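Labels run A, B, C and D following the written order; every chain starts at residue 1.
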Amino acid sequence: MAVRAAVAGASGYAGGELLRLLLAHPEIEIGALTGNSNAGQRLGALQPHLLPLADRVLQETTAEVLAGHDVVFLALPHGQSAAVAEQLGPDVLVVDMGADFRLKDAADWEKFYGSAHAGTWPYGLPELPGARAALEGSKRIAVPGCYPTAVSLALFPAYAADLAEHEAVIVAASGTSGAGKAPKPHLLGSEVMGSMSPYGVGGGHRHTPEMMQNLGAVAGEPVTVSFTPTLAPMPRGILATCTAKAKPGVTAESVRAAYEKAFADEPFVHLLPEGQWPATASVQGSNAVHVQVALDEAAHRIIAISAIDNLTKGTAGGAVQSMNLALGLDETTGLSTIGVAP
Amino acid sequence: MAVRAAVAGASGYAGGELLRLLLAHPEIEIGALTGNSNAGQRLGALQPHLLPLADRVLQETTAEVLAGHDVVFLALPHGQSAAVAEQLGPDVLVVDMGADFRLKDAADWEKFYGSAHAGTWPYGLPELPGARAALEGSKRIAVPGCYPTAVSLALFPAYAADLAEHEAVIVAASGTSGAGKAPKPHLLGSEVMGSMSPYGVGGGHRHTPEMMQNLGAVAGEPVTVSFTPTLAPMPRGILATCTAKAKPGVTAESVRAAYEKAFADEPFVHLLPEGQWPATASVQGSNAVHVQVALDEAAHRIIAISAIDNLTKGTAGGAVQSMNLALGLDETTGLSTIGVAP
Amino acid sequence: MAVRAAVAGASGYAGGELLRLLLAHPEIEIGALTGNSNAGQRLGALQPHLLPLADRVLQETTAEVLAGHDVVFLALPHGQSAAVAEQLGPDVLVVDMGADFRLKDAADWEKFYGSAHAGTWPYGLPELPGARAALEGSKRIAVPGCYPTAVSLALFPAYAADLAEHEAVIVAASGTSGAGKAPKPHLLGSEVMGSMSPYGVGGGHRHTPEMMQNLGAVAGEPVTVSFTPTLAPMPRGILATCTAKAKPGVTAESVRAAYEKAFADEPFVHLLPEGQWPATASVQGSNAVHVQVALDEAAHRIIAISAIDNLTKGTAGGAVQSMNLALGLDETTGLSTIGVAP
Amino acid sequence: MAVRAAVAGASGYAGGELLRLLLAHPEIEIGALTGNSNAGQRLGALQPHLLPLADRVLQETTAEVLAGHDVVFLALPHGQSAAVAEQLGPDVLVVDMGADFRLKDAADWEKFYGSAHAGTWPYGLPELPGARAALEGSKRIAVPGCYPTAVSLALFPAYAADLAEHEAVIVAASGTSGAGKAPKPHLLGSEVMGSMSPYGVGGGHRHTPEMMQNLGAVAGEPVTVSFTPTLAPMPRGILATCTAKAKPGVTAESVRAAYEKAFADEPFVHLLPEGQWPATASVQGSNAVHVQVALDEAAHRIIAISAIDNLTKGTAGGAVQSMNLALGLDETTGLSTIGVAP
């Protein structure tokens, strides 16, 4: 019997990608679709690439509309998930694709998001140590941010193996879909094509405490993160260049061994052969994570670089992967490691 | 029992897209993969997006390597398919993704391709009148060119309903993957990003006689085609703007009715609602064809515009669709109408 | 003594390009800069590429602010120029970069723009027969639309030499800056990168009557135009593919001779050597027009293709060129035929 | 009397950009143009954007052809400049746009370039402390690498004011023109559009020792550099994100003051107002450098980010700027701080 899933926020990029994946998921039946300003519109006008759902009409995001589903995905603006989740009852699997339930530290939440902390749910990055157990059978899932997904997967093996100093320096490039579908002047095609630009520089990006939470948990003590995101002229993809000073005595061999071990049984995270570096195009539309790592001998720094699709593994694919675990399905059901390239 | 398929020319864009689709095809088992200059290399180095095949090694394109498969796909340079096909025997399904067996008129072939005509195989555009019957059970398939796919599907309803004069004017924009993976200066990213440029202007493009063959067959008498292809700064996609003078008395309603009728039962060709126009991003990675049509009252011309993914419906998806028919499978097996957007 | 120029609408793409050109113009001193919703802001925040003007502050668009200049450029939304122009007095050179004064036929204006016709000013496309004389010394200039610039320059030699039938079929691709800087969902980078899409199909684009006006004037009788614009994934540039049935007896030689004659003395319009086709990247930031023409023997159609920068020759460069004529300066002052490529 | 300049290597991207700038330089007369594999071809076929030079024909790169000029620019592959320069005589100003004469340390040269060290010429980055004096009147100039230009200008103020620890971590994104015009598969438009990818990771990029040389000279003792370059889907531009641990006691105010002081009199380097961050589009085609700096309080790191056009300030514009100094001209002659945007 199919699992019925509702999607709140079906008109945005995260919602659209989620629907793309759910359409290919053998156990899911797509139920209610909601959108706020777009309620009443055909999905075909908003997401013309989702042809099988073209005649679906978006409803208002209310508890009544979302009731009666086995799974409810929330692709809502930050701060709106808690109110909806409360009304859904404890037996419904609620998958929050927003930030509301990611952070454990209320002070971090309040500092970076400026509102009261709603709580903490099991964190939907199964590859992190201990994460799978918390997700299996859970009725609540906090889907990670796109940058923390890329960064945590690139760096955690170094901290798990105690190879790196606890100060990470990270520069990541993201496709524009990460900035959402609400039209803003700096996101116009005329502005972004042919241009690279940073934003949230100097520690202000909201994903910074999430990275510190993930890496600190693996390291067993705090890890400082200097994070600079940049906007790249492409619709999708994150390339995260993550570096940390290597501890004394660390060698290229020990680094590679740590990464091979960390990813050995992972279905989605792939350590590339030596000499081959990730490219975001290779993971476009895929739930795969391509990682490569090197030791810069002269600077004695570990350089770990990951490529993900920010909408797939970085958002909707990660959500489906964790949903699978929560529902007791095979973790890879409905997901692919095959990119759409070129 | 799975159908075993070999792919000759697995290192190029057409071969890569075909493998992406075959990996998702429930009835296919991927057998030998060949490549000429790349024989001996890991596929992971050449097609890093095809993670499940990363450790496969390309072999030489020989009859021995290709023997023992149920289906052999030929993604070879023009003129090389006949020699290979001859050695494969009449019981093997041979799907030629090159141009060699598309044209019926030997003089056309010789004029546009400059070599001896190899013959004509059933033409793999099932949506054309009469095409499905010829493909069902066939052991030979000529996959159409990408432009003729986009153009023929956009215009044939107008000719089938006798709405248009027999002079079509077509301008199409293609993504750069249509020009292949062999590095040439004008295909460098530095050259194509930010630039639109035409090529093969004035009737010289090799796909012109193929369009005339298709449209003429539907019209019952010759259709002249003025075709101008342009290179667009995107990796994938074809947008074909196809116009023809409307016959006297033709109205917007009669045009729309003809298109609705032509596509009513087609699983992949979708006439958009009035007022919505195709965009190539909506069909990226999909086998769908988005079509819209209008009557320009002042100029009394029919304007039919189609969007396809040149590598999917325009090449590899079309090949799989026709293969399905030839094998007696459901025509849509392993294919999707869902695009990867944005 | 410098000519003082004011720019009304300095925060948009047309205004920004105009300022870029005026900064390099040896006879111009840049005076008041205005913007409506952006009045009070530093230009550096709105046009960060115009470093020498970064500390200029935008003023309101009022007659008082614009008074006291020798030239006033109006880069305003359609329909707003007449009210401003009236207040500027007959001795000020007013250059309207909007559509308000382009069309001669009031009925055309009302049909396509939906408001009362404001009048007709000398048309700022000096290359058209007779246009220069009307511009020299004029105090009013209507700058042409970007598409009509590209199309008229590509096709008028064919009509001037009576080589073409009076039904033109035109498909043009434009960079996104042609759609302006006001943020709209379909203009987001996420939407336009990787995508080609048409708009205004079927005769509805407002530039259609302007093309008909220009070509009809050259031909001496009406020319029907079927015009399809498409949006291309690039910030700048127009590639216009313009075709018309050749009259009986027309040859490739007679076509080429007509184009060579038409452009022989033009400083900005360049007929490329045979076999070389225009690319928009080659004219980026330049006032040059690259044109090539061919006769499709089989279809007996003339195919004339032009590439311009929509913001330079298509808007602000054309405005400066005409201003030069009106001021009695050399037509090329401050303008370049050198593109920024790659 | 005009200064006559020859350009060896006029068919590549660096040569093309140099010619674009020299065409606008009021003191320069363009003399011989050479190219190796392209000798005998019209420049119009190779650099179609340089319309005024379209009919120039490339000659072989020989001492005879280059003789008789006041300035000779060498835009040759690494390792070829010394042999040419030797034949030109001590009175000719030779501007080497390759790497041959940039490094002072012969061991560094041999390690990174694999050949014998040719020597060291005055380094063409006038903004570095002491650099202008060495360039004035010089007959030899080593034009810096594009990445070292962007990185050194972003970071040297921090080292000049003793604000930063001597370990810099740098991640930079470059447009594809930085990789040159020789066609290679990974530089195809199909590969780079929609993709970000790193290369030369782990300390291997040849520009690393050049950065260390520049920053170490300013700091007065060695500075370790961890440098990761990435290829971005755009033709031009470098965005360099440069970080270093701040020394104890450093504040946001002291950082900003240091940068304001360092750039106060620089004609091309512009510290953006607080809160505004660089974008490569803003400097496209311009010799300007946009810089912004922040102190990440939590990580206590200085984050300095610069945007340049890799072909202009990063190569050909930097060459012209230094040439101006060597010739005794105003440093800004023929150069602009105005970008071509959008």
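Basically, a residue touches a chain if its C-beta (ideal position, glycine included) is under 8 Å from a C-beta of that chain, and two chains touch if they have at least 3 such contacts.
For clarity, every value in this text was computed on a predicted model and none was experimentally measured.
Q: What are the chains that subunit A and subunit D both touch?
A: Intersection of subunit A and subunit D contact lists gives B, C.
Q: Decide which interface, A-B or B-C, involves more C-beta pairs in contact, and give its chain pair.
A: B-C
Q: Could you work out how far the Cα centre of subunit A sits from that of subunit B, in whole Å?
A: A distance of 35 Å separates the two centres.
Q: Hey, how far is the Cα centre of subunit A from the one of subunit C, in Å?
A: Subunit A and subunit C have C-alpha centres separated by 45 Å.
Q: For subunit C, what residues touch not just one other chain but two or more?
A: 13, 175, 177, 188, 190-191, 193-194, 233-236, 279, 281-282, 284, 342
Q: Please name which positions on subunit B make contact with subunit A in the complex.
A: 13, 16, 20, 23-24, 42, 44-45, 47-52, 54, 177, 193-194, 235-236, 270, 272-273, 276, 279, 281-286, 288, 290, 336-342
Q: Quick one: in the complex, what on subunit D touches subunit B?
A: 13, 175-177, 179, 181, 183-185, 187-194, 233-235
Q: Using the touch definition from the top, list the residues of subunit C that touch subunit B in their complex.
A: Per the touch definition, subunit C meets subunit B at residues 167, 169, 171, 173, 175, 188, 190-191, 193-199, 201-203, 208, 224-226, 228, 230, 232-237, 239, 241, 243, 245, 277-282, 284, 292, 294-299, 301, 303, 305, 307, 342.
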